[in-house]
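In what follows, chain A forms one complex with chain B and a second complex with chain C.
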Partner chain A sequence: MVREIEKEAGIPVVQIATIVPIMLTVGANRIVPGVAIPHPVGDPESGPEGDRKKRRELLQRAFKAMSTEIKEQTIFKD
Partner chain B sequence: MRLELHNALVKEIQWGEKTSLKDNVLYVNREEAIEVVAADENFADVQLELARPGESVRIIPVKDVVEPRIKLEGGTSFFPGFCAPMEPVGEGVTFVLKGASVITCGPIVAFQEGFIDMSGPASPYNPFSETFNVVIVAEPVADLEKHAYERSLREAGLKLSVYLADQCKGTKADNVEVFDKGSIVEENNKYPDLPKITYFCMSITQGLLHDTFLYGADMKSIVPTLVHPNEILDGAMVSGNCVSACDKNTTFHHVNDPIVLELYKRHGKEINFIGVIPTLESTVLAGKERTTWMNANLARQLGADGVVISEEGYGNPDTDLCMNAKKCEDWGIKTVVISDEAAGVDGSSQGLADATPEMDGFVSAGNVNEMIEVPAMDKIIGFPEAIAYLSGGASDSLREDGSMYVELQSIIGSTNELGFSKLGCEWV
Partner chain C sequence: MTYRVVHYINQFYAGMGGEDTAHVPPSSRDGIVGPGLQLQNLLQGEAEVIGTVICGDSYYGENMEKAQAECIEMIKAFKPDMLIAGPGFNAGRYGVACGDICAAAGEMLGIPTVTALYGENPGVEMYHKKTYIVETSDSARGMRDALSRMVTLALKLLKKEKLGTARFEGYIHRGIRKSFFHEKSGAERGVDMLLKKIRGEAFETELEMPVFKKIDPAAPIADLSKVTIALCTSGGIVPFGNPDHIRVSSAEKFGKYNISELKDLTSENYESIHGGYDRVYANDNPDVVLPLDIMREMEKEGVFAKLHDFVYCTTGTGTAVANAEGFGQAIGKELKEAGVDAVILTST
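So, the complex of A and B:
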């Protein structure tokens, strides 16, 4: 889906996902590593405040990835 | 380490006054057997049913399958950390009711479970259409927390299988299998020229009812370790998995692990089987990196020339599979992997979620998305409406006439990645 949206609609996509090697294999271009398979975009084990902080941080990183020019598959670690 | 399996063959099963094995007929005292599991306060109701090969019977939804076994010498009871005390296994004598199994069944709906047909087109896809089965149908008390229900149902299957074996253990075995292998040093001295082969038994260890146990330890909290193959054959591993039915390793599969049995057969002839490494499939990337490095490093420290790697489940564990293969191959250790494929209903999609060029020795256990039509059965044991919640089923899978049109992945063991199947294909 990520590749098709980029290819057919021309809209850049950031994928937040836990298992980065799969994203590299399937061809996602902008990759933000997620937390864990049961909760890729949050960290419930760190409590409500820690969870909210993690979610915000991941979203901001995704926005940064979205607005960054890239030439090849790129993992946004921070 | 020497283990004898004393197999008493079960060729028929009936209710009887005394639970016993006579002339290869397993008689089960229904009330007494219900009492063995009904004492659990998490169950509101427990029923037992029998299911025989060839009967028009569907069992749904199936959680686990257990082979009745008990220690006669060299240990107590069976399944250390569950029914047996925490003690090492793999030595002495174990009594087996060969041809019988205990199947646990209960409405853990909205989770991934599967079905068993005792006859018809789905029956060749699962090995338990050929065993004589005692099925536990356990209703939970109202509002029982799902993890507590899973634990109770898991332990019920273990308890009933040990009870059956215990009641029959005085019966003379029909045959005896011997598994005898020394320490790694001893075997290396005996067979210095044979290639050293180990086996990574990848197991689902992902929490949220996706767990496997080693000596009672929840494996997601351990690091990979080395065990003697006899320990696997003698109840060290227990399934706690509510996962896609086609490729989960039930507790029955673990004690009959065909990879262990085949490597054993070749030990001292073609290979030197240096042991089994039960290993994890973590839910975080760092966990996958850590365990696969540790697996590869264990193999390297053991001096392994080759590794057989089996996967459990599909999807994210495909990455663990790739990492295990790549890291071993990079260190010069040859690998072959056994996996199934999720290649779509027409088989044309990419089979695995991940790939790596080093994983070039690949044995496929089949396509989980292949569709199959199964007719209605005269008798349903369990909860037929559960098909809508199974992986590989949908709300319209169950038709009004009782037939079903489902993916192979809803059949227990249909694409088992230990290779526990009689089905295969040939190149033409």
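So, the complex of A and C:
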């Protein structure tokens, strides 16, 4: 799905999920590793504030990913 | 001599529970558990399942190196002659775990390994060169057939019998080429194939072309403050009540939902219908999968210009690759027409 959206629309698609090898297999180009499978963009166990903070951090990383020139599949770890 | 087999299964097949227990760390039990019973019967005394190693699918998926190391220690303790994992059918995390533990056991313990997965399971692409993967149907309805074919292959490997081609033995090819003399020359075989093709008859290629589905990365965003960003998810987040009746797994469609009036997803307006992970967190606060709340905040702060008025949602568990590609094409087309500049897609 990620790959086909990027191909069809010609715009950067950042995928945030937890199992990085699967994202590499399906052909995602800009990859941000998520927190956990049931909550990729949140950390509910650290309370509402911690959860929101984590989500903001991951989205900032996604913005960085979509603004970065890349030549191949890239994992944005920080 | 009776060969010693260790069986790897997940928490579900061990009867420990479904998604609610997918975080259990590895554990080891003597003898058979769950599908091990049928495995044991099929082995007909030629080999014995001496132990079972169990790990929660999410635990394995989220801590691959650690989970692998822990499971390997447990497997090693049984001093096995072989590891059999699964079958994992089309379960993504389970399939990856089965492939990974088989690859690791083969490499670190030097024993033959067999697992069984559906052809589209991501574990196949990742591990088919490192273990024997028997091709199965996409669900546990094919359990009996899968186990029986796994056992046939496993016994051949244990007895070090000569194997035929991957197609003949029923496993997914490992990319290994063996040289042998054929009664017909390559030229004759090539022409035979060509004639069959012209006549519209079935023929089997001797050189399958690899399918590399990679695309060149799209150009980056130059000025974030001017762009419209869309959110998508395969995490099964939908308006409460699932108005489009999107399936909990093996989705055949995606939903498009207007979020222009929404600032936050809550347990009252949205929910998760995904059948492949523990939905407790997502149902309590769907933002942990589809991050609408913080996107709105950052839109207001001017980090980017606009959040697209629609989100696209489907369920990415057991979904056929062809369907997922079709969703992507349709969504991509709409986003392009709508003038969206970038996408954040979350998956579980």
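As a convention for this text, the second predicted complex is superposed on the first by the 78 of 78 C-alpha atoms of A that agree within 3 Å, B and C clash if a C-alpha of one lies under 4 Å from a C-alpha of the other, contacts with A are read in each partner's own complex, and residues count from 1 in each chain.
Basically, a contact is a pair of C-beta atoms (placed from the backbone, for glycine too) under 8 Å apart; a residue touches a chain by one contact, two chains touch by 3 or more.
Computed from a predicted structure; not experimentally measured.
Annotation: superposed three-chain arrangement on chain A; chain B versus chain C shows a clash.
Counting the residues of chain A that each partner touches, chain B and chain C differ, and the larger count belongs to C. By the touch criterion defined above, A:Pro33 lies against chain B but remains apart from chain C after alignment on the C-alpha atoms of chain A. Of the two partner chains, chain B and chain C are each touched by A:Pro21.
Within the superposed three-chain model, A:Ile11 lies in touch with chain C and out of touch with chain B [touch as defined at top]. In the superposition on chain A, the residues of chain A touched by chain B in one structure and by chain C in the other are 18-19, 21-22, 25-26, 36-38.
Per the touch definition, chain A reaches chain C in the complex via residues 1-19, 21-23, 25-27, 29-30, 34, 36-44, 51-52, 55-56, 58-59, 62-63, 66-74. Here chain A touches chain B in the complex through residues 18-22, 25-26, 33, 35-38, going by the rule given at the top. Contact residues on chain C toward chain A in their complex (touch as defined above): 19, 22, 58, 61-62, 64, 92-93, 96, 122, 125-126, 213-215, 217-222, 224, 229, 232, 234-235, 277-282, 284-285, 287-291, 293-295, 297-298, 303-304, 314, 316, 324-329, 331-333, 335-336, 340-348.
In the complex of the two chains, the chain B residues touching chain A come out as 206-208, 283-285, 288, 316, 318-319, 322-323, 353-355.
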